[in-house]
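Shared between the two complexes below is subunit A, which has subunit B as its partner in the first and subunit C in the second.
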Partner chain A sequence: MLAFIAIGCILNMLFTMSFDVLNDFHQISFLKPMREQSLISPYYYSVLLLLGINIILSTSLALLNGFTGLFTMGHAGFMAIGAYTAAYVVKSYLPTAAPMLQLFTALAVGSLSASLFGLCIGFAGLRLSGDYLGMVTLGFSEIIRVSLLNIEAVGGARGMTDIPQFINLGMVTLIALIVIILVKRIRDGRFGRAMFAVKENEMAANLIGINPLEVKVRAFVLSSALAGVAGVCFAFSEGYLSTQTFTFVKSFEIIAMNVIGGLGSLSGAILGGAMLSLLPEVLRKVQDFTGVDIRMVLYALTMILIMILRPKGLLGQKEWKWLSSPN
Partner chain B sequence: MSEFIQHTINGLSLGSIYALVALGYTMVFGVLQLINFAHGDLFMMGAFIGFYFIRLIHFFFGHDSSSLSSPSGVLFSMTVIVVSMLGTALLGMVMERLAYRPLRKSPRINLLITAIGVSLFLEYGGQLLFGASPEFFPTILSKQAIALPGGVILDSTQVLIFSTAVVLMLLLHFLVFKTQFGRSMRAISHSLEHASLIGINVNKVIMITFMISSALAGAAGVMYSISYPKIDPLMGLLPGLKAFVAAVLGGIGNIKGALLGATLLGLAETYVAGYISSSYRDALAFLVLIVVLLLRPSGILGSKKIEKV
Partner chain C sequence: MAFIAELKEMSLYFGGLKANHQVSLQLFPGKLYGLIGPNGAGKTTIFNVLTGVYAPSSGEVRFLGKSVAGLAPYKIARLGIGRTFQNIRLFKQLTVEANVMTAFFSQGESNLLDNLFASQRFKREEESSRKRAHELLKFMGLLNHAKDLAGSLPYGKQRKLEIARALGPAPKLLLLDEPAAGLNPTETRELTALIGKLQQEKNITVLLIEHDMRLVMDICEFIFVLDNGELIAKGKAQEIQQNPQVIAAYLGVDESEGEGE
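Now for the complex of A and B:
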């Protein structure tokens, strides 16, 4: 508990520090995308931004898929809820507030709304296991997407435009680090042990006094809240939201990050997230060489080959030293 | 009332296409416990193989539009469907041999990720090969309206689709429940290990199962493009997913369940599009799925597994 408060204080300091810089940015030009003012080229800026967001997503899914053994295929839905709710609230209620207030409102609203949906799905999915749970989560996320597509208040099929872009690369990096540390601490704590126990054998976990249902619902709530945070990062850095981003293809991509890195390993989730975000960009070089758009074909082939050659993922169950568990 | 019958006819026609795809999902799941996400892309490949076959025929024998409505039009459509089935069966065989067989002993989630990889490979490969912009599937059977009493209109393409689907399903039923191959396939779906112990050539049966399920998807792809003639490399995504939902609805691994689920889904979709609003049409499949799974966690006809300590 004390450690959490300490981390919170340090992060608060970091937040305010980065905000001084951010306020300067806003005085220069409010609506101009920050990627044009950064030191690195806009292309690398976008790639790194996506990398950070994907790492948050992959880490949050590790809580469910990797640690608790709950197979879900609807993570993009949680992300969409976080992104859309936060963007809507900030755009319609706080359009002229200070960026600091906007950021904290966005993060709070985004994670809360997403975790609310996570709670519902967690309860609804309690009776189901395995592939059926995966199907229900996939169904929920597609329903969320089609509903968002039909709600005119959030732009409908046109998408949501003119979202203030106050989250920059530094902020995403910071949030990603916080999420990683948070997930590591959850994993190493009492609740983390309970999650692994439920994953290994639900009935045995129940016998040693763990309530598997409670653990599952809590894992759902936590994971969806973090996915909501990733959605917030995406919405307020891109400035534009479209339901096309949040299809089931995105959910599959997040699962693939987990499995390719090594299911059940936090380092694996990070590595997988980084790899699947960078691979298409690395393959762009190959495309210059071959001349045809073979990039995504090679991306798919790499995915298949990793699964055949390294069935446990790149890292397996191993962790990097700074993320390894003390117990 | 006549409107209701009209929607029912349209729904059954759509449902029979879903059923063919759902049967493939359910058969592969039965033998390998694999959700073959590339199945929707085999559906797309079927449509494209049909498309290029028609182009080839038109190139060599000329384009004679007068034959569209005659029996030769029906015969030609059948030929296109059979050619597509052969093509996708071959593709399914290659897919199983290269991507899935090396993973026979690894955890199921790996198979799933591989399936996603294969699906992406077919989609992007398709974009590379066929171009990303939609193509127009040529009319091979003119739409002749058959007026039934009460103002109900029966489309000639619907008749073709529905009857072909029924014939294919009957063939499948015969194959699965009346032949030696079907017996070994059902044995494998009970237990792969035990089936191999009693001398069933597991690899061969799994490969043939893949070929049959891919062929069904290919046939469904051609039939779908006859009624919705815009085809592109990503066309298999949504119908594939919906057919999968249909398979889960009925209880995945269960052949009758897939039929039931697909028919229900096709009907529900057309009723909702007809009476309520077509904008929520794509969400409906999932709503039905969630409601059914919450009431019956293993599908309508699925068998319950009791967990023992």
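Now for the complex of A and C:
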């Protein structure tokens, strides 16, 4: 499964990048939008793009829900902050800058702004635990969404349009890989160990000198920064933002990715992200074939079936070899 | 010589329940102390107060000459008090070595950026903490389990691992809460030897709660007896054995509750 996805990603990265990279490398042309020029059809291009972004989201949430045991329900909010802030800054201040500069600015602004919100929510919500933290984060993300809906500078209810589309499938794949590697590094180091310690036994962690609050805030900041990165990928590949994308439904979808794949497993987060991105499209084929409108029913049924057959998710706590943990 | 730790008329009440009442005790550095008493006497509560889990209702708690009453547990841990738990609290999904490595967290110097970029400093620190964890595991006789999941260890070894982890932050005072509970006689003997060795080689002050009277009488230089939240006796093993109040407290328990856990 993994090999299949990985090879698919790499092939598509090559397909979408290769010719331009060879022809006019000096223009850093792999930053151009290439949905139309791609060797694969625009439909598959969109599906794979979403897959990459979802994997970033799912992986980043694993830091919170999976590793630190913090049940949060507002990940779409962080994504929205990253997407809107970066899009606004690039559109307003760097509309004609070189794509490379736009890209790095977008990534920096998107991740920083999202992590700033993560920090605030972290401090505000972390005295609560369990379901209460879930409700607080859900509330926060809805506040973010409704606020964006009412800010005219970012398009208000019409949404934000004409965002430069300098992020393509190859770039998203690359960013997703980097995010996976970063999350793996965190997980395997002393901060990751502290996260697992806090998740498994907060009192014991506290009594060997780990400040649980500090660990949780760190997890929040990192996770929200990476969700912001996903938002940046989304904004600058789609070219259009609407608050409709960032409802709590999206947050739940990201949680479902973690749970389906195996809560606490990085590989699981990736697998779950891939599954829930591809499943609706596979089912679309089924629907086209049968001619019956049962796509969403099948989608829900598949998820229920997975949870019945594999209550700990597809991978449980296991990791793929290349993502295996020394801890 | 000065006390390493001291309770001064310390009381802790849960509503009307006097879990600890006017407890005063002093611990001198480098010694091995026993804390005994029937079930529910308030022994674990004393540990909880010493480690900051509970703030005392009244009285003083001093460690290294500093008042630590009500200080956050992680701060007290960093000052140098380590402990184990009556009901084991390991990080079961982490490996045995990682359990010990978590205990080095507060000594870590690499920051998040070091970690994200896998800097030299980060790698060096990881390597050295793994090495130090292995040394502690070797000391506790667990080195061959380093890569196993903590949750997969047999019960007796989990108890040892908890001690190894408690030693991680290099505590000056180690509190062991019924370390021999649930162990068979062979394991108990092994553990007894280990605690003695640990206290001598590492020159740590140890305060030990234990139901196994023989274990306590064998290795503890000085014993405190707690009953109904109050300190009813303290002294050397022989003195304690002959103390009528202590005998009464224990007989009372034997009639109503049997051998305890």
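The criterion applied here is as follows: the second predicted complex is superposed on the first by the 293 of 327 C-alpha atoms of A that agree within 3 Å, B and C clash if a C-alpha of one lies under 4 Å from a C-alpha of the other, contacts with A are read in each partner's own complex, and residues count from 1 in each chain.
To be clear about the criterion, contacts are C-beta pairs under 8 Å (C-beta built on N, C-alpha and C of every residue); 3 or more make two chains touch, one makes a residue touch a chain.
No experiment lies behind these values; they were computed from the predicted model shown.
Counting residues of subunit A touched by each partner, subunit B versus subunit C, the larger count belongs to B. Of the two partner chains placed around the shared chain by superposition, subunit B is the only one that A:R127 touches, whereas subunit C remains out of contact. By the touch criterion defined above, A:I294 reaches subunit B but does not reach subunit C. In the superposed pair of complexes, A:V259 makes contact with subunit B only, with no contact to subunit C.
In the overlay built on the shared chain, the residue A:M203 is in contact with subunit B and with subunit C. Once the two complexes are overlaid on the shared chain, A:R190 sits against subunit C while remaining clear of subunit B. In the superposition on chain A, no contact is made by A:L101 with either subunit B or subunit C. Contacts of A:N211 after superposition on the shared chain: subunit C is touched, whereas subunit B is not.
Comparing the two complexes, residues 203 of subunit A contact subunit B in one case and subunit C in the other. Residues 51, 53, 72-74, 77-78, 82-83, 85, 89-95, 98, 101-106, 108, 110, 112, 115-116, 118, 122, 125-126, 129, 165-166, 168-169 of subunit C are the ones touching subunit A in the complex.
Remark: subunit A residues 182, 185-186, 189-191, 193-194, 196-197, 200-201, 203-212, 218, 222, 264, 317, 326-327 touch subunit C in the complex. Across the interface of their complex, subunit A is touched by residues 35, 37, 99, 102-103, 106-107, 109-110, 112-114, 116-121, 124-125, 127-128, 237, 241, 244-245, 248, 252, 279-280, 282-283, 285-287, 289-290, 293-294, 297-299, 307, 309 of subunit B. Residues 71, 124, 127-129, 131-132, 135-136, 138-140, 142-143, 146-147, 149-150, 202-203, 248-249, 252, 255-256, 259-260, 263, 292-294, 296-297, 299-301, 303-304, 307-308, 311 of subunit A touch subunit B in their complex.
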